[in-house]
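Both of the next two complexes hold subunit A, though its partner changes from subunit B to subunit C.
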Partner chain A sequence: MTAATMAPTGESRGQRTARIMAEKPVIALLVVLAILYVITGVQDPTLFAPQGIRSVLLLACPLAILAAVQTVCMLTGGIDLSAAMIANFAAYVSANNAGLGPIASLGFAFLVGGAIGLINGIGVGVFRVNPLIMTLGMSSVLVGVITVGIVGDGFLSGSTTILSLVKSVGGGTLFGPIPLNSIVLALVAAILILGLGRTGLGRSIYATGDNESAGRLAGVRSWQVLIAVYVIAGLLAALAGLMFSGISGSVGPDQTNSYLLPSVAAAVIGGTSILGGTGGFGGTIVGALILTVLNRLLLGLETSDAVRQIIYGAIVLALAWFYVRVTGQRAD
Partner chain B sequence: MAQPLLTATAIAKSYGPVVAIRSADLSVAPGEAHALLGANGAGKSTFVKILTGVIQASSGSLALDGAPVRFSSPERARRAGIASVYQDPSLLPDLTLRQNLVLTRTPIDRFTAALDEMGMAGLDLRENAGDLPLPFLRMIDLARALAHEPRLLVLDEITAALPTDLAQRVFEVMQRQTAAGGSVLFISHRLEEVVTHCDKCTVFRDGRDVASFVPREGGEARIVQSMLGEAAELVREEVRRSPRDLSAVAPRIEVRGVGAGRQLDDVTFDVKPGEVVGVVALEGQGQDVLFEALAGDRRFESGEVLVDGRPLSASHPAHAIARGIALVPSDRALALLPQRSIEENLGLTLYRRLRSWGPIPMRSVRAKTHDAITRMSIDTRAAAQAKRLSGGNQQKLTIGRWLTAGFSTLLLFDPTRGIDIGTKHQIYDLIAELAESGAAILMYTSELREVALVADRVVVLYRGRIVAELPADAGDEALLSAAHGLIPGTPAVPDSQEAGR
Partner chain C sequence: MTVLTPLPRPTGAATRLRRRHGWLAGVVVLLAVLFVVRIVQIPTFGGFELRTIIAGSMALAFLAMAQGVVVISGGINMSVGALMVFANCVCAKFMLGQDLLTCVLIGIAVVALCAVISAVMGYVITVSGVPDIIVTLAISFVIAGSTLVVLPAPGGGIAADLQPLIVGGFSEPLPAVIWLTLALVLIWLPFKRSRWGIATYAIGSQRGAAYLSGVSVAATRMRTYALSGVFVGLAGIVTTAFTGSGEPRASIGLAALLSSVAAVVLGGVALIGGTGGLLGPVLAAMVLSLIPAIMLGFGWDPNLSEIARGVILILVVMLGGYVQLRRRSA
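So, the complex of A and B:
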């Protein structure tokens, strides 16, 4: 407690840079992104063309929204490992009901996401199940439910043709290099960033993750906060599922699964603490962009998949380490 | 003059742009009990961490017996003969005592011998550290340090969490250590302890050593003056507040025969608006249960509590808060959001209801938190993260939170533990001011002399019962004997080994 709080005096330029980096880690992340982008672009010059920029954004937007799921959960010290299965499920439900028109089709998808999130939230918030276990279990349950649903005449055996709205928003172009799905991300980002920073719920989410006992003594009921968080997470996962299906133009029972761990990694690289209490969605978006560019870089390498995996993992670890260094999170 | 045991020269430490120690010198002679003093944030704890190898100094040098040394780990420092007891207990709660000792390579026979000497024989080493009460853990930490037979024993605010009887045992340990030619570096905010038990003291201010003298000669006045520098005039004469006549006023909170297991039994008292009632007790007499249950963080098993004449049934602090009851726990770790800003810490209670989950009315919240910052004179230079604030400022946040939210009854559990004297006086003033404006205040304190400064009257808890109700000016001796269960006119209750439970 004696890390004194004196005004910074006579700091050198290096110290000043370090302080700005520590206060605004997103700037450091953007620098990393720019460097990575240039390196990848040298190897694959199409990246500097509008089409190349568009392809990065197109893939980064749904990943960022799946990572938003992890961000809100991680801020409370939790995680949502069922996010990918919720996404798959919701995309399936939407396609099945595409015939009922966009409102019903999308409504069902979000209903599924919200309802599964509610169960997660009740498990974590009321019955105090560890979020890792709760959502891992939920993910496993959903695998079973979807499998039962799509075999034979199951309840998911209907049409797998996705809504044309989902297809055009998920895969279309707004103008030049900007895909339409970046509008969805922009909306989600605005809601999340304002919601976390400037609403009572947002403050309660940070408080619950930072120190639950402090919240309790101040009258915050953490179970309410956790239920709200996992419902929001379920809705965001459903949205991510729709956007992924918009890119591929179809639905599959496991099409989002390979994005689950990157969604966690994007949030961590973006500076959200897995222990809760600190971070935000701004960094997560940059994290998702970094991972997408990184993926692109590795795909261009003439090497085996195994080596790509190794490099990918090593770079993610290096980024996480870099983040801690830059923000000085461990200085005390 | 003999060669000093330890010499620190021009020690400095900064964390990035934040300077914790600018330049500090310290010299400890063999056989000396040396006090290290300073306000919160003066750099004491950082200095101790450098001395014991927990962190490395940015610059400066250390010498043992005149030979330069540099400790890269606590283990190294220990082998060189420096063992320390830190501010917070350092035992792993989920391990047994024996496992903890093995983990730190503590010789177990010497550890038990040290415990025996402190009069705490018969401790079961198979018990989990987490199951033991805090004061015991402090004593165990001390015995563990002694088991390494240090030449310099460093005690960082060990007495802050100790009741008077255990603190006395610490002083005995210090005497034995110095009598045997060893030295002690003693850190405490309780100045009378320093004056009584230390041969020399060094005062830190703003990361520099500003004075070094014999505390008995300088007295508390000189210590305070050195600690505060220009701020010294802020600490005025300690004036007792004059109680008002409240006989015609209905109580704000009535506690009627409440009990909780073996920890509380038939406790009855009340607090009126505008009144400050002190609770005096040795460690572990049920005061923590009483405060937690009043705040709705646990339930009483019997009896009832009336707030403004209507019964209170709280199963969550939110219910008590809704009736105007606010708790400030002694352990700041329970109430602080370490990674969040000052503003978020102060505003936390504003968002406890579902209907306050929407957009925050930024302007009015800022006005409220700004008001709390001004009233508590909180230092906002490290406003982004509460964990970077000094202990005193952190405590101001946990109290200030209720100024933003409003309350009618304030429960203060040892609110000045481990806080420098300047901040203590600010808190005393605030308590008086709040009572003046009509709040009912119940305050437990482990420092007896606070009672006379702050409270209007005192209830004494002993083994979960109220054994006496005394005027605040009853005097330390009367309070202390009541706290030991010695009531004039009744047979003495023998002090028990389980006092810590």
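So, the complex of A and C:
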């Protein structure tokens, strides 16, 4: 053991706490989550009952998966602002083709998600388009495509039925306070956390985000990594869209749009740097839980939507600021 | 034996001109072509159509300037749309039923307010160390909420005699042209040539180097955001004058944000910062509002124009990326 890895002797308790917090920011986030949960619970005691816990988890799971989209993209220094529109589109396609059976219906949804992700990936990886612009542009294209599709006798104009599979997985209960969709989240989390930490692609994703030139010199083909990342992002966005439609039991051309900014915020609060190279999905899940509880707290307040929005924005900013303070990861 | 390395030949004036203003020239040509198409499309093309195009794209032009200064400094401002809607609603609420002079004073106050809000945003970015995209996104929520507090439902108004002074009357394109030119000549050009402007370009192209040469990065960023706020305020006033009312819908802000980024990129300001000017984004704003009009004129579904806008944005940026790649490998 070298001296560098040993804890410096003679540090005060405060310094020690600060060091542990900086090394394991998830602990600080869990403390924030616990405090927030207790505050919300005092105001609304049902939150301590199994049903209350279930309702938080039910909404946090799809948000966490949408935030997974942002997490993988942000690890490479990118972002996916088309995630919400991909989610809407995929859910629509699935509901539109429900008559063909669950395999074809879900297959089409993921095909759409993956294909849009592929286009994003080619733009970002091959043509070096700024990811913000690429996905913002893609989002505006998708708005148009969906609008054209659902009016008159467009290609999305048929009847829409949510698959019973999507409904039961998206909105059902496993046991007690655990909704069925947490299994999906657990699967995604296992794949992402193991995949990012242990596989070659995962390490290449971190390498690309940390220092692309160094990564390239070390043999990482960053354009391939970026294409893979955006395809994964598209598939995850499609999954999130299906899960949201399972909760609401319906589809809409702008159903998940209000979750786009929370998905970015969840990843940021969870400690994934928007500049790339640091973070992971574990923190993002905590971030999604924090935002869901926060939303619940604000809904309980007797105030207008406008004030709620103000508080929400201020708290997201405060949490991001808090995270930078704790870890010392400044952007500049 | 000594090996002589030939001196690199000095770049010719033509090459320099092409490199420096090539993109802008392309935008000018594109705009001219679109104008010709539009004129051919409408046989009675005259003052009315010209006014519709220029006054209709004026708010976006100011918003593109607001986004442009921040992008030149190497940042991004995701709150321009929300702040424009805020300025629009504040104007409409307080200008309703007032006379011309009061309205002008309110307009000045709103521009100052937007500059202050934006500067505070810049301050938070420099102090907190949170990436600018996150700070401006989060604050755009706060701004959107405040907008609803100011004006919960569409409404408000503006002095009827002020409207034509800003956006021109029924078929009067001149005021809009004059205001845009004034903004470029009286605000942007002096700023660009001042120490502050040079510092803005410096932190945009190489922040570390700028810091080491004595540029105060924090103060420059705040100033850039303040100037951005001024342009956003102007965009809000123009929106009020053009529509004659306030509309607090958040989706308008989002669409405006998208268009502002599109105009900046199309206008030749690279998102990595440090290059370009504000004339390009202003012209690009007109390009972006001409395209849907022309497509409608050809009898296309209006929803297709949304797709076309996105596709054009992506293609333009891809082309830009391709040109840069070629230049780097050459």
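Just so it is clear, the second predicted complex is superposed on the first by the 322 of 332 C-alpha atoms of A that agree within 3 Å, B and C clash if a C-alpha of one lies under 4 Å from a C-alpha of the other, contacts with A are read in each partner's own complex, and residues count from 1 in each chain.
The definition used in the following text is that a contact is a pair of C-beta atoms (placed from the backbone, for glycine too) under 8 Å apart; a residue touches a chain by one contact, two chains touch by 3 or more.
Since this is a predicted model, take the numbers as computed values, not measurements.
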### Query
After lining up the shared chain so the two structures overlap, which partner does A:R128 touch, if you call subunit B first and subunit C second: first, second, both or neither?
second
### Message
Let me test your reading of the model: by the given contact rule, A:L297 touches which partner, first (subunit B), second (subunit C), both or neither?
### Response
neither
### Message
A:I285 in the overlay: touching subunit B, subunit C, both, or neither? Say first, second, both or neither.
### Response
neither
### Message
I'd like to know which partner A:V316 touches here: subunit B for first, subunit C for second, both or neither.
### Response
second
### Task
Would you check which partner chain A:S139 touches, where first means subunit B only, second means subunit C only, and both and neither mean what they say?
second
### Query
Taking the superposition as given, does A:R203 touch the first partner, subunit B, the second, subunit C, both, or neither?
first
### Query
Of the residues on subunit A, which ones does subunit B touch that subunit C also touches?
273, 331-332
### Message
Considering only the defined contacts, which subunit A positions touch subunit C in the complex?
### Response
79, 123, 127-130, 132-134, 136-145, 147-148, 151, 261, 264-265, 268, 273-275, 304-314, 316-317, 320-321, 324, 329-332
## Note on the structure
As the complex stands, subunit A meets subunit B at residues 1-9, 11, 15-16, 18-19, 22-23, 194, 198-201, 203-204, 206-207, 210-211, 213-221, 224, 228, 273, 277-278, 328, 331-332
## Note on the structure
In the complex, subunit C touches subunit A at residues 76, 124, 126, 128-135, 137-149, 152, 207, 217, 258, 261-262, 265, 271, 301, 303-311, 313-314, 317-318, 321-322, 324-325
### Message
Applying the document's contact rule, which stretches of subunit B touch subunit A when the two form their complex?
### Response
15-21, 40-47, 87, 206-207, 295, 297, 316-318, 321-322, 327, 329, 333-340, 344, 347-354, 356-360, 362, 379, 381-382, 384, 387-391, 393-394, 401, 405, 418
